[in-house]
Amino acid sequence: MTMTQAPSGSSSGTPGGPLLRVRDLHTEFRSEDGAALRAVDGVSFDVEPGRALAIVGESGSGKSVSMRSVLRLLPRTGRVTAGEVWFGGQDLLRLPERQMRRIRGRDIGMVFQNAMEAMNPTLTLERQLTEHLLWHGVCTKSEARERAVRALGDVGIPEPERRIRVYPFQLSGGMRQRAMIAMAIVTRPALLIADEPTTAVDVTIQRQILDLLAGLKDQGTGIIMVTHDLGVARYFCDDSVVMYAGRVVERAPTRELLSRPRHPYAAGLLGSSVELGSRDRPLHPIPGNPPDLASRPRGCPFHPRCDRAVLPRCQDEQELIQIGGARAVACWRAEDGHDDQ
Amino acid sequence: MGVVRFFGQRLARLAVSLVAVSIITFGLLQLAPGNFADIQRVTSGATSIAGTGTESMLAETQARYGDDTPVVQQYLTFMKGVVTWDMGPSYRYAGRAVEDIIAAAFPVSATLAVLAVLLALLIAVPAGVFAAMRQNSKADHATMFGVTLGHALPNYLIAAFLILIFTAFLGWFPSSGWERPEHVFLPVVALALGPAAVLARYVRSSMLETLREEYVTAAMAKGGPYRTVVVRHALRNSLIPLVTVVGPLLAALMTGTVFVEALFRIPGLGYYAATAAASRDMPLLMGTVLFFALIIMVVNLLVDLTYGILDPRIRAEGGWTSSRLRKVSTQQV
Amino acid sequence: MDVIAAAEGLHSTGLEPDAGAAGAGETVARARARGPWRKAWDRFKRNRLALISLVMCGVLVVVAFAAPWIAPHHYADTDYEALLAGAGADGHLLGTDQLGRDILSRTLYGLRTALIVAFGAELLALLCALVVGLAAGYRGGRAEQGLMAFTDVMYAFPSYLFAIVMVAVLGRSIFALIVAIGIAGWVTQARLVRAQVLSIKQREYVEAARAMGASGPTIAVRYILPNAIGPMLVTTSFAIPAAIAAEAGLGLLGLGVQPPTPSWGGMISEGTRYLLSAPHMLLAPACVFALALLAFTWVGDGVRDAFDPRGDRR
Amino acid sequence: MTTSDVDSPGSAARPLVAAHEVSKVFGSRAGEVRAVENVSLHIGVGETVGVVGESGSGKSTLARLLMGLQPCTSGRVEFDGQDLATVPGKELRVLRQRMQMVFQNPFGSLLPHYSAVANVMEPLRLHGRGTKTSRREQADALLEMVGIHPGFGELYPSQFSGGQQQRIAIARALALEPDLLVCDEPTSSLDVSIQAQILALLGELRQKLGLSCLFISHNLAVVERLADRVAVMSQGRIVEEGPTERLFEAPEHPYTRQLLGAVLPVTM
């Protein structure tokens, strides 16, 4: 446990309780013609310390928007309209901006998809790795530099003393991605949000990045991994949440989810994934296209594409149903016997 | 490409461009129907400057060029004059040498242009940043409306309105002359508002673009105070390309002085260029045009150099290529 | 990333709802075909200022065309009984100048001069720019080298100065002004065409077209040109007010059309001379001039926003 | 080095297109970039060859060389026995009817100012096939075949989702009934569920139409699923080539092994 930097006020949280508890989160975007579009529509999940949670979904499912809602970093047109985000004993959504700022970067770190875009091209690594240590008053400038060098070494960048003086574009792609992770963990946050950190890199580098993050997890950091790749979830994440059209459709331990998905969308996603050695298994693609935010179907958002849908029952709102200890599914037919081949 | 090589290449290109400008101008003026003497004869008496100077000046010109010297010879003689800074007498301003007129007029125009650039920057940067940070607010819309006005109206029209307001109706500032400090105000404002509008629009859109960059979000995610993030991450990066706009802008300003100087009757380079053109005073026109071109090219060269120094990407990669720099500068204006 | 995607999707073009209509809904009738032009026009229509300005520009063009019939006097008619008469004087709505000429009539004829020169010059510039820019951008080679070398020179040769020299050479006629302003302006536009063509050439659909077996000219004319027209329209719509301003500017310097044909620049120049005794001489042409420039510029703004919705306006 | 062509196990079929020791060098500011170096590869009639590699391995460039879209710096490409470099431009365009391409970015590769059906009709028009009405009918049929309701044919590419755009692009590529279909990362810009739709469609069409296929992807699983034979590219070279099953089960080259080892399983 390297959580020397205890989250402020974390003492008030229940010991052994979740690190982050998101409840019924709703986020809306204002469209050009003034209509409110629900990008996130009642999302709930928990993150435990030392565990990784995968948020799985396709583009437009609201997985990234949820993360930015948690950190309150939405673009101007977006707004959290309801919900609670409990972290360290306080509801982040009700925190004044000044206190929220103390949490961002210090207690909750964020890793982005593409380091080329997420790092300022005109500042050296040193500036970018130390500035938030100074903002949060964690340590002095010279200590900050030492910590930054150490963080670079920790993520496997050789010659960190020299590398800290370069600009991001002077690093190779894989190295840059690591430097960005170093930037996020230099403050030793209790929670790390990783938004598709391996989507933009080659497979060989993907593996290295994930192993790096796994080391952090073993040290007690809670990690949220936003991904569209079930392989990443399977390799790295203890628990998974599947999102579709702004909603959580299934929540389960990753292995259980992948061995026996209960929601038809989750099953469809699995049936759509192509993996090595599955040459002879026929693909079962989900027909149709995901709905856009402006014309979301009534009730279960998946029912127009679902081969198990029963109308009009599926046009009614469907809450998550708890099945078993750790699983929940937003489908009333989840308990029906599966007849998958 | 190294800095030195880049610089050398650019200097060589500058020389070539200057020669090209001189050839074009000289060639065009050779095509002109009628020469100065004809025009003077036709209009003599009507204009005040004719009279005694004309005859002696014509004699001197003939002595210099000869009546039937071939065009190429004339051109070379003229260029020799340019290089040795001895361009002979002006037709229009009898008794004054072209180089003396330029030497006297340049500081006037330079003062105007530099003051105008400073004023423009002073208005534009805060206005642009302010508008960007309050995107789509009333203040933003008001700023952008002002920008459209400054963008649409040429400086002499702005000058006309300024004269109407401040001279005709309020009587605060004189409308012409260049002797006392109060003569400076109206021309500088008239000259600055257009560039200020261009710059403000540029700063605003550049800021908006930078604020959308993921590294700004990333800096916010690190817990940076909004203001610090804006200044350190967004403002800095959106002002670097601004340097490249200042070059073409200065060029526009320098030429813009032509109209403002004519309107306010300020004895600057532009004023002389205009009168030289109107009266076909070829040596003076050639001299002023070449001098303008030289200034603009030097300014552009300095701008490119500054840009390379400011942006670590270019500095570090040694990407000193004009095409790359120019790409940045032309796209934006 | 999909925060941005979501946000931009909402912002941009109404693409998402359409995609939905084409995808999920089985109602064919609901989906309306909207090509790039249709979309641009729809966006332009939503911009009220641009729409009003467009009408205004139409009115200005009609007035300029009909000036001989609308103007109460001929522009050169002198009324010696009313020299420097103020606005509202007998028979002279906007007053008269130092020679007793009717300011309203002169302003209207000035508009006529300005528009003829501006449209003529822009047409000339556009023709040159399209031919050279397209050739330089698509073919590269000599055309490109030539254009780039020439622009290098023209970069140091400010267009106004060039126009001044041209007028000095060609004399003071409408034709001379058109040529001077057109030639001075085409280089920048040619560069823009070239840049546009180069960027379109990078687009995958051009490579796709080559892969389909399309020939060079077909690609240039059928695929690149139509997609370059939008941005060119933006440039052109800004070039027209610029050309109007250039015509007046040359007039101001005494290099405009031959007097007594009125030019706004000349009128402004004269106006400053009689500033204190007759401010209306300056006020009337300056206001109409400003109005015309703003109307054309706002149309340009509208066109730009219509073709580039992500531009700095939003 | 034609022996490699003869020796490779998949060469029972007559090669439709064959690259013989092709190289492609791009000049750039930083110096020369050897995008493709000394690569030999052939595709037999009715065969699907997969090329895998990481970004910058030169696989996309190789596809363009095989299509004759870019000239080789050295080596030659033969299509049905004809050296593409020696075929004059006009005949090359005629030859292009027999080889068509599907690109990574479907929206970028469709003509934005043409409707969906016009996009599909365009290759037919270019090569003067049929009349306007017959082309229209053919385009409607093609759209139907790739799963786009012809009633949506009048819509423009920007009005479709990414997966639908790729379907339209496929319909367009098939309009000329080509012998060879080159797919350059056709699913990598698409979501997982849409990727599956497109892969299923491509698999089905390939069988139905008896196409020869070059399939380029960074995704090993995708290539494994579709290809009969696979070439692994790294830094411009083919490091290993072989029948799909053999290559995935018993990779010989260390790079192939590294690549395979990095893939994350989903269910196994």
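Letters A, B, C and D name the chains as they come in the text, with residue numbers starting at 1 for each one.
Here, a contact is a pair of C-beta atoms (placed from the backbone, for glycine too) under 8 Å apart; a residue touches a chain by one contact, two chains touch by 3 or more.
Keep in mind it's a predicted model, so treat the numbers as computed, not measured.
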Intersection of the contact lists for subunit B and subunit D: A, C
Chain ID, smallest distance between chain and overall C-alpha centroids: C
Most remote chain, CA-based centroid, reference being subunit A: B
Chain pair that, of all pairs, has the most C-beta pairs in contact: B-C
Rounded Å distance between subunit B and subunit C, as computed from the means of their C-alpha atoms: 22
Interchain centroid distance [CA atoms averaged], subunit A/subunit C, Å: 50
Rounded Å distance, subunit A centre to subunit D centre (Cα mean): 34
Centre-of-Cα separation between subunit B and subunit A, whole angstrom: 53
In subunit C, residues with contacts to at least two other chains: 4, 19, 21, 23
Numbers and ranges of subunit A residues touching at least 2 other chains: 59, 289
Multi-chain contact residues (two or more partners), subunit D: 161, 164
Subunit D partner contacts - residues on subunit C that touch it in the complex: 13, 15, 18-19, 21-23, 26, 28, 31, 33-37, 39, 203-205, 207-215, 218, 223, 226-227
In the complex with subunit C, residue positions of subunit D that touch it: 67, 69, 89-90, 93-97, 99-101, 103-105, 108-113, 115, 122-123, 126-127, 149, 151-152, 154-156, 158-161, 164, 169, 172, 176
Interfacial residue positions of subunit B with respect to subunit C in the complex: 13-14, 17-18, 20-21, 24-25, 28-29, 31-33, 136, 144, 148-149, 151-154, 156-157, 160-161, 163-164, 167-169, 175-176, 201, 204-205, 208, 212, 251-252, 254-256, 258-259, 262-263, 273-274, 277-278, 280, 285, 289, 292-294, 296-297, 300, 330-331
Residues on subunit D engaged by subunit A in the complex (per definition of touch): 54-55, 161, 163-164, 191-197, 199-200, 218-222, 224-225, 244-245, 248, 258-268
Parts of subunit A lying in touch with subunit D, wherever the complex brings them together: 58-59, 202-204, 206-207, 210, 228-232, 234-235, 258-259, 268-279, 283-287, 289-290
